[in-house]
Amino acid sequence: MATPPSPSSNLLQAFHPHQHVTEAIPVVMPREGARMAIASAAGAGSGDTHRATSGPWTRASGVAGDLHRSMQEDMRNLDHAHEGLKSGTGGFSSASTLDSIRSGWNDRLSAVLKKCRSLEGDLRSVGVEFHENESHTERSFKK
Amino acid sequence: MVTIDELTRLDTSKFSTAAKSWGEISRKASAARQRVDYEMVAALSKREKGEAASAALSDLRQLSQNYQYIHTECGLVRTALDGLAADLAEPQRKLQQALDHAEQLKFTVRSNGSVEFPRVSFDQLPAPALQQPAHPDSAPPLTAATDPNAAKAQEIADRIASALREAGEIDRRYAEELGKLRTNGNLKNTDWADVARDLKSLQAVRGDSAKELAERKGKPPRENARWWGEKSKEEQERLASLFPGEIGNLDGIPAETRDRANRDYLPMLMDKLREDGSDDAETKLAGLRGLSEKLTARNDPPLLLLGVGDEGHGRAILSYGNPDTSKNVSAYVPGLGTRLDADFADGTVARAQQTASTARRYNASTASVVWLGYDAPITGTDQGWNNLDVMGEGRAKKGAPTYDRFLESIRATNGNEHPHVTAIGHSYGSLTVGKASQEPSGIPADDIIILGSPGVGVDKAEDLGVGKEHVFVGAADNDPVSWAPSKRDTILGTGGVLMGGALGGYVATELFGDDKNWFGTDPASKEFGAQRFKVNDGPAPLIHGDFMPAHSRYFDPSRDPESAKNIGLIVSGHSKEITRMAPR
Amino acid sequence: MDMRQGAERADRILDGTLKAIVPPVRWVHGTSISGLCSGSSTTGQVTRQRTVLTIISPERRGNFFGLVERHWKSSGYHITGNDPGKTFPSLYATAPGEYRMSLQIGDKGQAFFDVTTPCLDKASVPDPASDQEAPRLQDGEIPYPNHTSDFWSAKKPLPS
């Protein structure tokens, strides 16, 4: 079973034309005859021949995971950059103010991090939920 | 109060290092927001919803807001810290110079800032001399003849005091700014009004930049492009994060930079309008909401926001395709009734997309812009004829130089040496294009397309200044706006014309000019001498409903495929391939 | 019928059209454009696009157009226009229910298909879909025709 390419995180990518593309991914489906092409494009949720499949939700879950890990790294870097700030800035209220706003920012960034982590799970569950209903969606598919 | 010890020991690189990491967070938050918008919200919101899915989407939208908030606010922290480090360097240098000077002279500087000098011997002094050390800010000695060292010591003490004062003021100012950039862990709290205030406050601290930017607005786009190009990447980032609205709307700034800055500015502008609450603000806000939706989707071709604002009836400039990298760029001026509202965001912007989509088939290196950079005449609402916006040519004349500047800016930031630029004027917008061609430097376009025009203000195609072989006219026989007034009166009844739907209100014949006051010769006429391309006649006008369907179809490949194709051919540089119809 | 159903019908029209091309050509989905209908806030239309990646030689172009026109006619569609220009010819038709479609030749002889729905009740529109296999593409712009077909890319005109 072919795996869809992982979502691109290139910032510039967003500014480049992106086309919806159809990939051929052989899928085991209890339908006779027609080969099903599941449309998916790298980095974007594209259409499916089913009303809803696990594809885009699972992919979104992956993005949430990426963002979660990325934020962890960013917070570590931020902490690192403030190490030793106290020495060499003694007597300057800017330095102490900077220090004092850090905890609020840590809270904000942590909250985002936690949200990404929980979304990773939630989105995957939604994906599974839809995929499990595949016989239901199959019935609703009109030719 | 900063002491000598503290200022000499100060390591400004601590602030710069911290600034860099805040900048990283800001940058990555912007990228993260795009991923949430494009790869999650856009991809999932089309799907059928269940409860779990709806909850997830609502979370995702909030996450997107948070990333945008983090991007902007952390950008401001970065800017403040960079500013702090840069500004403190000067007083630190001055202090060091004063200290070095004192050392040279073998004066002793005390920790309280007073400067001791070796006393000249008694007998060399003409009169009782003050024997105390020179204290900062102490009054000069009363005796006429002073110990020369005393004067020097005083000067050094003053310099020291001044440096410390300056450093203290800078520190105080930035501490205040940083204090405003406080936040908390509540994801629901992304207060854009607050962010806008923080922005303004920090802008005031860097007052020099604000003034400089205000001056840039009047300078030629090419000059602005050069000015921008000479700045370091850090400086560009700093300016864009501090002045997103100004940079985003400045002709001569590269398209992608304008787009990023305007996207950063957009939530603050929308919040400002939300707070305003007036009908006018609500209308503009609805327009911005529509634009926002389009901007956060994945677009093909890519959609760039080159201008946005709330002045007048609203400003919005959008491009499908990157106008800096494309060999062909078109810029369409919409006409009668156009203002920043939901209709603009949906229908008017769609025309640029249609133009780009068609043109890119004939040459992929094409971008199409819709330019609402002026106040088009809007018709009265339900107050009847008396509330008509009968400015006549005034609006077009006012918009003309602004449009020319925009076309100049396209050329200034385009990477190709000679991009092919097409000006497209639709309806009243064609008069704006006509007026633009009459400006002292003419219109910097290679081709001009005139659609559904009530006249362009000149009597001959060649008067537009690009050569009559480069003037193309689309006029549907069933488009009342392109009719001569006498014919209009005959078909529609005297004096006026009822309009429903999006245009709302009433239009009087005065707006189009009477028999003798047509806005110049009919551009579709033989006398005018332009290249008339084939369009569909269009459906006949209706008194109710979509009143002038034939007026709005020129760009629509599904309703007038021939017109849309011809426009696409001209824009992509293939005007030789158009199909023609006889001039009237 | 709403926009979603209309878009699905447009997809099927395109499926039928491409299936009628024998030997088959390679193609990809183009941009799907949805928008409100002019003067309305409750109805909108959808345009589906498909781009052909098979090289169609000028010598075989007439045959290609002929196939498409025959299929459209035999499907009960009405040919509304024909621009047989040498460089960028196009063919226009409508299907019952006011679906408008076109075949256009663009830069480097590339073929584009469009189908636009009539104005239908607003609904969220799914991404384009097909019951046929289409090649997987990398992210980025649609390439110019890059697939050579013994039949469609041949330089010799067909014997009449």
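As written, the chains take the letters A, B and C, and residue 1 is the first residue of each chain.
What we mean here is this: a residue touches a chain if its C-beta (ideal position, glycine included) is under 8 Å from a C-beta of that chain, and two chains touch if they have at least 3 such contacts.
What you are looking at is a predicted structure, and each value in this text was computed from that prediction instead of being measured.
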Pair of chains whose C-beta contact count is the highest in the structure | A-B
Centre-to-centre on C-alpha atoms, which chain is most distant from subunit B?
-> C
Between subunit B and subunit A, distance of the C-alpha-averaged centres to the nearest whole Å | 31
Taking each chain's centre as the mean position of its Cα atoms, how many Å separate subunit B from subunit C?
-> 38
What are the residue numbers in subunit C that touch two or more other chains?
-> 30-31, 126-127, 141
Multi-partner residues in subunit B (2 or more other chains touched) are 46, 300
Which subunit A residues touch at least two other chains?
-> 16-20, 43, 45-46, 51
Give every residue of subunit C touching subunit B within the complex, in rising order.
-> 30-31, 33, 35-36, 38-41, 45, 47, 49, 81, 83, 85, 87-88, 90, 92, 100, 102, 104, 106-107, 110, 112, 114, 116, 124-127, 141, 144
For subunit B, which residues are in contact with subunit A within the complex?
-> 2-3, 5-7, 9-11, 13-15, 17-18, 20-22, 24-25, 28, 30-32, 34-36, 38-40, 42-44, 46-48, 50, 52-53, 55-56, 59-60, 62-63, 66-67, 70, 74, 77, 81, 84, 171-172, 174-175, 178-179, 181-187, 256, 259, 298-302, 304, 321-322
Contact footprint of subunit C on subunit B as seen in their complex = 45-46, 300, 342, 346-347, 350, 353-354, 357, 361-364, 500-502, 545-546, 549, 552, 557-559, 561-562, 565, 569, 572, 574, 577, 579
So, in the complex, the side of subunit A touching subunit B is made of residues 7, 9, 11, 14-20, 43-46, 51-52, 56-57, 59-60, 63-64, 66-67, 70-71, 74, 77-78, 80-82, 84-85, 87-98, 100-101, 104-105, 107-112, 115-116, 119, 122-123, 125-126, 129
